[in-house]
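Have a look at these structures, which come just after this line.
Okay, so chain A shows up in both of these, paired with chain B first and chain C after.
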Partner chain A sequence: MDQIHERLTEIVGAAYVSDAAEEKFIYSRDQGVQEPHAPDYVVLPGSAEEVSAVVGLANREKIPVVPMGGGLVLSGLTIPQKGGIVLDMKRMNRIIEVNEKSHYAVVEAGTSQGMLDAYLKKHHSALKHSLPDAPPVATIAGNIAIHGSGHLSQSEGGFHSEMVTGLEVVLPTGELVRLGSCSTVPGWFSRAPLPDLVGLFLGWNGTTGVITKVGIKLYPRPPYHDVLVFMTEDIDAAPDILCRIINTGMAEDINYALAPKPDYLNGFQMTVINITAHSEEELGMKKKIIRESLRHYFETKEAGFMPVPPNLKANFLEVPQKALSKFADVRKGGGFEYVGAIMPLEKIPQACRAGMEITGRIGITYSLGARIIGRGHSAMFFFAYPFNRADASEVGKVARALEETNETALKLGGIPWKTEISGQQLILRQMDPQTRELMEKIRGVLDPNRIMNPGNWEVA
Partner chain B sequence: MDRDYTELLHRCFRCGWCKLPTNYQDFNCPAYLKYRFESFASGGRMWLIRAWLNGEIEPGERFAKILYSCVTCRNCVEACALPNIKDRLVDIFVAARADLVEQGRIPPAVRDYLKALSVSGNPYKMPQEHRGNWAEGLGIERYHGQEYLFYVGDVGSYDEVGMRMARSVAALLQSAGVSLGILGEEETSDGNDARALGEKGLADYLAGQNIGTFRNKGVKKIITLSPHGYNAMRNEYPVCGGVFEVFHYTQIINLLLGGRIRPGEYLKRVTYHDPCYLGRWNNEYGAPRRILGSIRGLVFVEMDRNRNNALCCGGGGGNFFTDMLGTGPDLSSRARVREALATGAEIIAVACPQCYKMLDDAVKAEGAQDAIEVKEVSEIVSASWGSHL
Partner chain C sequence: MHELKFDPGMCGRCTTIDCIMKCQYLHYDLKTALSEHERLVDGEQSTILTDCVTCYACEEYCPYHNHPFYLIVDRQEELGVHPVPKPLEKSQVVMMGPRGKIRPKTLSPPVINMCFFTVMNACIRGRLFEGASLIGGSDIFCNLMFLHFARNSTIRQRLPQMIENIMKNYLEPSGVGELVCYHDECYGTYTSWAPAYGIEVPFRPVHLFDFIYRRLLELKADIKPLGVTVAYQRPCSNRLCPHTDHFVDDIFSLIGARRPKREFEYEHALCCGGVPEAQQRFELTEELQAKNVEDMKAAGAQYCVFNCPFCFWTLAERVFKAGLVPIMMSDLCLMALGE
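== the complex of A and B ==
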């Protein structure tokens, strides 16, 4: 056994360190089209102290460290580009605190979305957190670290990173720090009024440290839930339709989608409006107000509300939606990639046309759509491409489509989200040089040996 | 490996839905719960099998451990998001194990189990003539045309806990006037776990032996002690030419409720642990619950993971004998005991000799002997029905 392996074993225990071929294979790749790179070790820490000791060791020995949550990012952000240690955080999945009055939960970084949801349903049934449409094993920490969004992003305040009330983080040099109110007083209720250091660890793809605990906002869980689906063929009407719905203030979640299948819906766009309420009367009133906001469209027969069959309704009401994972098998090949671009709402029609143009030209299938973030403050527009992992030519086509889509998103005035390294380079090239320099300075201070997830956000 | 399977391997997206039960409460795969590396989850296994078939990794000791740590509980099948793949997941793992068996790359513990089964007809390496010892003093006759054959299986024949359970079930059925006989030394292992370990040839041979014996004796109806035997005889024996009416003993007790079995009072708080081979494999969730529900004074509480979401005790797929999950607090049996304790139950009711032993050991490992006890369904019925016994 080499010395590093021995030290890692001393820190986390022999059962939780592996340099076996099987783990090297699995942790060298994700579900997307990025090239695999094998780690030297996979380590499963059980506490923040163990993370601190592992990162401290890695810093002294100048070994790369890649933190990993659910491993579902698809864009290769947890692929160890330069080997080193992959820190799989999922053993750290304790739910530490739920504060019903101040509406927050504190969880360890490996806690999954599903586990927190189940815990809240059982012990604090009046509260919920915003769930992404990722599978429920996606972690809270991983999702906030990539600026994820979810089913409360429209109604309750934007990206999940905006719902963070505090963090505990291991710095690249091994120190354990707390950020937000928990740095000063016992409660994890707020980032304000302190200097906001939380942002140093959000959107950085694990290049500035390892998140070990998260304080996350909780929201009421109204017992009544229904869905409306509005259909139109006019792509250019999408921003207006979405704004009318948003401005009613009645919707919990608003998603927009178009796909070439099934054939009879090809050309139609679907706006899925989720509504929750505390009573049937409130639910009915909310639906009525939303319908009213779109009267212009259905009176002119340009668009209308679709009767939603029970099985489809069940899919729309499910959070997260299991049906979305089935999309990965559309090509009977277990592959699925997407560019999620954060962009202004008014760019949705152009993004749709660009997505259809790119996929038509390259010859792959697609699903396009958007989740509204905040009260129309932006949209997470997705260009999703399923593929057959066993078909190298199709994998190549999707990789090409991703590159082109990243470029297109930037040209349209959006920014690719949680994008792979080539997409990060596109962003950095277009970024204000002073901003880029600031990012470099911050990383230089935090991570002098550049051990954290090397390859990501690296200024060429 | 069967081409039908190889064409499914690459379609696993490794999305991870399979890791959680449908209520998302906690990890539901005993192997993943114990080892926590992605490689030990069902998706990891799918990708590694594909890598092996593509020549990207060698099937070494670790690979065999990953494949054999699957307890075939089918929790992943319940939770998988892909309808075209989910039903085949465990079949794929078993098929991959079969390839390892063929290539002689199985872990020593699996080899020893299969060897004992081949040589002694049981995994305990006990003499065949001891098979009927569990029934001593009960006055049960050998099968000679009674309505039912009571098939006890390996654990019921040789394991101390299993034998206690076999005696309890037999005594209850006898006292209810059920016409039954046993095979004693003529009984052979049901082969269910040999099949799960990838040794189809041995499983078929054992099935053939039992089918021959059953036929020679004119057996039409079988009551099994173990859900493992129930599964083999209900689903595998017909493929081998042996078609019988097969019941798990809880189904018979359930049929007799209110008639020949009238439970009395049992003033305990009880939860029920679903055995995988009765529940997920054979969709029988109701009978044991109806039995417990018929007992006066018994307060029945469900664990959060129940029925098709129930966490496996870790004893399925041959692991009861091969112990590929080892020890420690992350064993699913210990997690299950903690889950039962959280309900406030005083009793964990079981309906499988393997679950009985696994959970009984886990109660001790958790140091919870003063708080909770494992009891088998017929023991609870008999305790409530004491005056009849």
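== the complex of A and C ==
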């Protein structure tokens, strides 16, 4: 056994360190098209203190560290580009506190979306958190760290990173720090009014430290839930339609989607509007107001609300939505890629056309769409490309599509989300040089030995 | 192409205009009804075309069987009136289109045509349907629903092929001459719409209620009377075959169910609201459903029985919330058989 392995074993215990070939194989890749790179060690810490000790050791020994949540990011952000330690946080899955009055929960970084959701349903049924449309094993911390979004992002304040009330992080030099109100008083209720340091760890792809605890906002869980589905065949109408719905203030979640399959939906767009309420009357009133906002469209018969039979409605009411996860496997063979571009609403028609043009030219299938964020302040536009991993030519085509889509998203005035290293480089090239320099300075201060997730957000 | 057997002279001689005056959704005085109807017959734009709920009822109201509803649908299509938003219409045309996947199969009678509702196959079970063979799906779909979409042309184009598919792939190889229609829509197609457009139907369509009634007679000794009051949600396509309505009473008398006296029953039955909703007439949908379910409750109904799955899906939740049990006719009969 080598010395590093021995010292890691001392910190977390033998059962939670591995350098076995099969473990290294699994942790060397994700479901996307990025090249695999094997770690030297896989470590599953059980506490923030253990994380601190592991990172401290890595810093002294200048060993790369890649923090990992659910491992579902698809764009290779947890692939250890330069080997080292993959720090799999899944053992740290305790729900530490739920504050019903101040509407927040504090969870360890390995807590999954499904665990918190189930816990809240069982013990605090009047509250919920915003769930991304990812498999339930996706972690809370991983998702906030990549600026994820979910079913409350439209109505309750935007990206999940904006719902963070506080963080506990291990710095690249091993120190354990708390950010937000929890740094000063016992409660994890707010980032204000202190200097906001939380952002140093959000959107950085694990290059500035390891999140060990998260304070996350909770919201009321109204008992009544229904869905309206608005069908159109004019892509250019999307910004106006979405804007009208948003402006009613009645929709909890708004998703826009188009896909070539099934045949009967090819050429049409669906806007799925989820509504919640505390009574049937409120639900009915909200539906009425939303319908009224689109009267102009359905009276001309150019668009309209689709009657949704109960079996179909059940799918639309699911949280998280499984449709995209199901679509991910449409080609079979376990491959799925996804460019999420954060962009202004008015760019949606161009993004749709670009997605169709790229996939048509390259010859792959697609699902395109957008989730509205923060009452229309932006949209998370997704270009989703499933593929068969066993088909090398298809993998190549999707990799090409991914690259072109990243470029296109930037040209359209959007910014690729949780993008792979080549996409990050595209963004950095377009970024204001002063901003780039600031990023470099921050990293230099926090991570002098550049051990954290090397390859990511690196200024060439 | 198959043309509607419609006699304009007959309408010209009609002084009561029952097709319009009895309509529960168009509220015209006789003078307006006459004038709008004349425009309809002459192929001119009329408010009838834009206001029609497509409930099929005028097919039943016309004392001369001159097919006023089919004429409305033809005229809507000719004049480009779209009762339902165009994307919904176009999408349905593709969704319900034939897939060309049908293959010959030998079946044992009774052969039950599930129409497009193969999702309801589980309803065909127990002694009531012992030995039955089920067929269904888009390659034998009657397509009559396109009456709601002003698309008679789609029915005209597809129906002959559907009939041939049924014959060549199922009935001929099986030596069967009878087809039990699970849905009124199919039965109405073969007994009303097809003859109206001069399309020959080479098999004998049997209404599901007719079939159930005959089976219940055979199983009479096993029936345990239910002793319940049951409201019947009459579907739009039953307007094409009103002569089958007596089977509801016949079946009820066998299974010990009481059909209560209601305001919205028989000729005055109300639409379930599904089609007005698709037409984006949400206030009307709400009004219809509220009136209908309130009427069921006021009549003392404990159950609401359906034959049309679409009516069931549209109205079941509301019926349930009103304290009634929504149930398909076949399931109600199975209950009486203790199944």
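Note that in this section the second predicted complex is superposed on the first by the 459 of 460 C-alpha atoms of A that agree within 3 Å, B and C clash if a C-alpha of one lies under 4 Å from a C-alpha of the other, contacts with A are read in each partner's own complex, and residues count from 1 in each chain.
The rule is short, and it goes like this: a contact is a pair of C-beta atoms (placed from the backbone, for glycine too) under 8 Å apart; a residue touches a chain by one contact, two chains touch by 3 or more.
All values derive from a computational prediction rather than experimental measurement.
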item	value
Joint occupancy of chain A by chain B and chain C, clash or fit	fit
Winner by number of chain A residues touched, once chain B and chain C are compared	B
Which superposed partner A:Arg291 touches (first chain B, second chain C, both, neither)	second
Spatial angle chain C-chain A-chain B, Cα centroids [nearest 10 degrees]	70
Which superposed partner A:Val42 touches (first chain B, second chain C, both, neither)	first
Partner chain(s) touched by A:Gly199 [first = chain B, second = chain C, both, neither]	neither
Touched partner set for A:Phe305, first chain B, second chain C, both or neither	second
Partner chain(s) touched by A:Arg389 [first = chain B, second = chain C, both, neither]	first
Touching partner for A:Ser18 - first (chain B), second (chain C), both, neither	first
Nearest Cα pair across chain B and chain C, whole Å	18
List of chain A residues in touch with chain B within their complex	15-16, 18, 20-23, 25-27, 31, 42, 44, 70-72, 88, 90-91, 112-115, 117-119, 121-122, 135-138, 322, 325-326, 328-329, 332-336, 388-390
Residues of chain B that touch chain A when the two form their complex	10-17, 19-20, 23-26, 35-39, 44, 47-48, 51, 56-58, 60, 62-63, 66, 81-85, 304, 328
Chain C contact footprint on chain A (complex, rising order)	231-233, 262-268, 288, 291, 298-299, 301-307, 309-311
Partner chain A, residues of chain C touching it in the complex	82, 84-88, 90-92, 94-95, 119, 274, 277-278, 280, 282, 310, 313-314, 316-317
